[in-house]
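Each chain carries a letter (A, B and C) given by its place in the written order, and its residues are counted from 1.
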Amino acid sequence: MKEYFRNTWLGIYTVLVGMKITFKHLFTPAVTIQYPEVKLKLPERERNRLYVNMDDCIGCDQCSRACPVSCIEIETVKSIPGEDLGVTSNGKKKALWVTKFNIDFAKCCYCQLCVFPCPTECIYMTDIFEFSEYDRNNLVYKFATLSEEEAQEKKLNFEKFTAEKEAQKAAAAAKPKDDQKTAS
Amino acid sequence: MYQYFYDLTGNTILATLIVAVFPLVNVLIVALIGVYLERKVSAWIQDRVGPNRTGPFGLFQTVADFVKMLQKEDATAKDIDSKLYNIAPVLVFTGSFAAYAAIPFSSKLIGSEAEVGLFYVIAISSLVVGGILMAGWSSNNKYSLLGAMRSAAQIISYEIPTAIIVLSIVMLTGTLSLDKISNMQTAYFWNWNIFGGAEFGITKFLLIPFMIVGFIIIFISTLAEVNRTPFDIPEAESELVAGYFTEYCGMKWAMFMLSEYGNMFAVSAIVSILFFGGYHSPIGYLGNTLGIEWLIPFEQAFWFLAKGWFFILVQMWLRWTLPRLRVDQLMSLCWKYLIPYAFVNLIIIGVISLL
Amino acid sequence: MALKTEHMVLNMGPQHPSTHGVLRLELEIEGELVRKVTPHLGYLHRCFEKHAEAMQYNQVVPYTDRLDYLASISNNLGYALAVEKLMGIEVPERVEYIRVIMSELQRIASHLVAIGSNGADIGALTPFLYLFRDREHILSIIEETCGARMLYNYIWVGGLSHDIHPDFVRKTKEFCNYFKPTIVELDNLLSYNKIFIERTANIGVLPVDTAINFGASGPTLRGSGIKFDLRRDDPYSIYDRFDFEIPVGKGLMGTVGDCWDRYYVRIREMEQSLRIIEQAIDHIPDGDVQSAIPKRIKPPKGTVYKRVENPRGELGYFIVSDGSVNPFRVKVRAPSFVNLEVLGELCKGYLVADIIAILGSIDIVLGEVDR
């Protein structure tokens, strides 16, 4: 019997306590912001879309190997000696033409594992997060600065160079036999 | 009111039409403002802003919702029972709309001055049960069936405490007519029934605590009649997706919503008439002091709407504070707690009113 | 001559507002009473264990984030501790302290979601939003340090990815001061509310021997009265230096081991986490967080099993290494998967509405259950 009245009293009392709390919250200001007009300032270590500064890229392929989802595709062509590709911002001389550097942002998991191994710090995460597209193919970002014909040209140059080198090596391997013959 | 329009137009049909359209307009306005206010009040309680983009302060949000619902395709499932499926929303809306016939908005704006107005209101609002059961059964969906069964049990059970408290007021005032009950609580707020009624004497002060208990009981049971939290099991959003109206879309769903808000206002109106003085103002009339006679009905309508909206706001406040009761706890609350308290209340009020 | 009746089969399908993810429950009900519950899993299976065999050891860490996505730091920590034990790496003191503080912050954040969704399933939609407002503070503290709000990739094998932000200590202390009155408000609004107590007390009572037989852990086990916490009974990292209590369910509002007890254990655990944070935040030693990270992770041949206290229970990693840079096998003992088995035992004889309350109190995350 006492249980009965205690239940009734508790029921009414706890409901009133709850109502008092929500009534107080009726007058607290909102904690939300009006998004497209007001945007939060993101911290500096924020991990959003990647950006590659191609002037500094030496084509070492470290970022592509570090990526756990294989979203970075890099293809390079060795340069012929005598060609000047320029210098990176911390003084290293570049030796590879980067013909293809694609990052597929549909696959990227924004884990930041590619940023750490880069020796020149040319790949880094920006704070851009509003980059949705209507077509999935538009999410493949191409960072390479060489156009198609230039890339083809560099490849042909390198193949010619290696072919010449092979021919020279074959000629040099054939020559000492002749010298020996004439010497003796 | 019917008499007034009949004299004006001389035609029974036209007069009836005008008298019938008036509460319909009220229901629509209540639904319009009710949906908007619910979203805003819930947002303020939850520390956020609510709709504020469609129109200034989001005022046209309900209009946008309504236009959206009008242009929706009326997709129905294949295996439903189409006769019952189509009649159900009509029945539910009729049940809640017909109650407005007897509710006095002011001393001149009454649909019908029937002598048994209170009895009529309670009887006609039980029509909703039939509509809900039809909706649940014809949807051919196990979730809807569960929701409809629970709802039928809930509405039928909670009619009883409502009826008992209404009986105790009727015993006190001696009449079933809503208009007369309002008129007995005229003048200032200490004449309201919750403060013991109009007759001054020792009975008035003895009645006050029992009137307050009666008010709490009827408020809780009418909350259960309109399926609001903590009693919103038929439409429990996180358990049964949407209960008995899961399979409805477009205008039919809008009918259910309209009937819910219409019902909310109707029961708030009943509670305010029974306990808080109906359409009479608590502080006297401006028309009386200024000597303008025709202002008084407008003032009464204003006070009536204010009281109705106040109770609707309290209902919304409760919705966003409390969790939901389970079905058997709801039943036990009704039969084991509310009905005994209501009976004891009835007996004591009867004894006091004999003094 | 009895009527032939059969139980109605109700499908709480993969898409349901309150099954915490894509879980399919097949209920056999008789009116409103539930006779049998069969969970069907696998809707979120993403082949984590197979992926891990193709990755190098440090590349597996972002994958472990996505197992229990509401408590990513504990997942990272378990994996890092397992590989460190295999390789015998000793991490600096500073790393240990920061790992503990981050773990406890993550525990509070995860419990906030669990309590909020428990309340939301039962019908109280307001505390859900209040708790998410508090969770924002934690997420922005962690965002300043490591850059992400949910899938951190912060605890690496041998150290951390970033050192803590200069504002970290100040903001964490502010958060601790801000959070204590919020727990009191939550208690008044939800825990001691008569309707909430009616919905959760005496529901889903888990007896002690059933809990131990099924292998339950975490608040599910502690709600039944057993004081077993891996931070105390199998200490890892530097938890043995801190002074904290282990809350257990005492049956305050009903029987021991009901849903209210599990909910109550979570709230008190949040308070204890605050206590640990306050003890650790002032004593972080100096050092370099990346000094012990090896250049190439090539553990010797062997196996290791290491377990940590996830907010949901005992998370264990079993790693088999064959001496190369890729692990041979990584097996995850997920606490939610094991705790979900208890659901079949707990649900007999209760109503449909109670199933939701029980599922909410066991607190599963489908990412862990299905991996």
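Methods note: a contact is a pair of C-beta atoms (placed from the backbone, for glycine too) under 8 Å apart; a residue touches a chain by one contact, two chains touch by 3 or more.
Every value quoted in this text rests on a predicted model; they were computed, and no experiment measured them.
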| item | value |
| --- | --- |
| Per-chain CA centroid nearest to the all-protein CA mean | C |
| Maximum centroid distance from chain A, chain identifier (CA atoms) | B |
| Chain centre separation (chain B, chain C; CA means) in Å | 45 |
| Whole-Å gap separating chain A and chain C, where each centre is the average of the chain's CA atoms | 31 |
| Chain centre separation (chain A, chain B; CA means) in Å | 61 |
| Junction residues of chain B, two or more chains touched | 45-48, 320-322 |
| Per-residue overlap in chain C, given as positions that touch at least 2 other chains | 126, 130, 133, 189-190, 193, 195 |
| Residue list for chain A, restricted to those that touch at least two other chains | 7, 15, 18, 21-22, 25, 31 |
| Residue ranges of chain B in contact with chain A within the complex | 41, 43-49, 52, 216, 317-318, 320-322, 337, 341 |
| Sites on chain A touched by chain C in the complex | 7, 10-11, 14-15, 17-18, 21-22, 25, 31, 42-43, 45-47, 66-68, 109-113, 116, 125 |
| Residue ranges of chain C in contact with chain A within the complex | 55, 58-63, 65, 126, 130, 133, 136, 143-148, 151, 153, 161-162, 165, 185, 188-190, 192-195 |
| Contact footprint of chain B on chain A as seen in their complex | 7-8, 12, 15, 18-19, 21-23, 25-32, 34 |
| In the complex with chain B, residue positions of chain C that touch it | 8, 10, 16-18, 32, 119-126, 129-130, 133, 189-190, 193, 195-196, 198-199, 351-354, 356 |
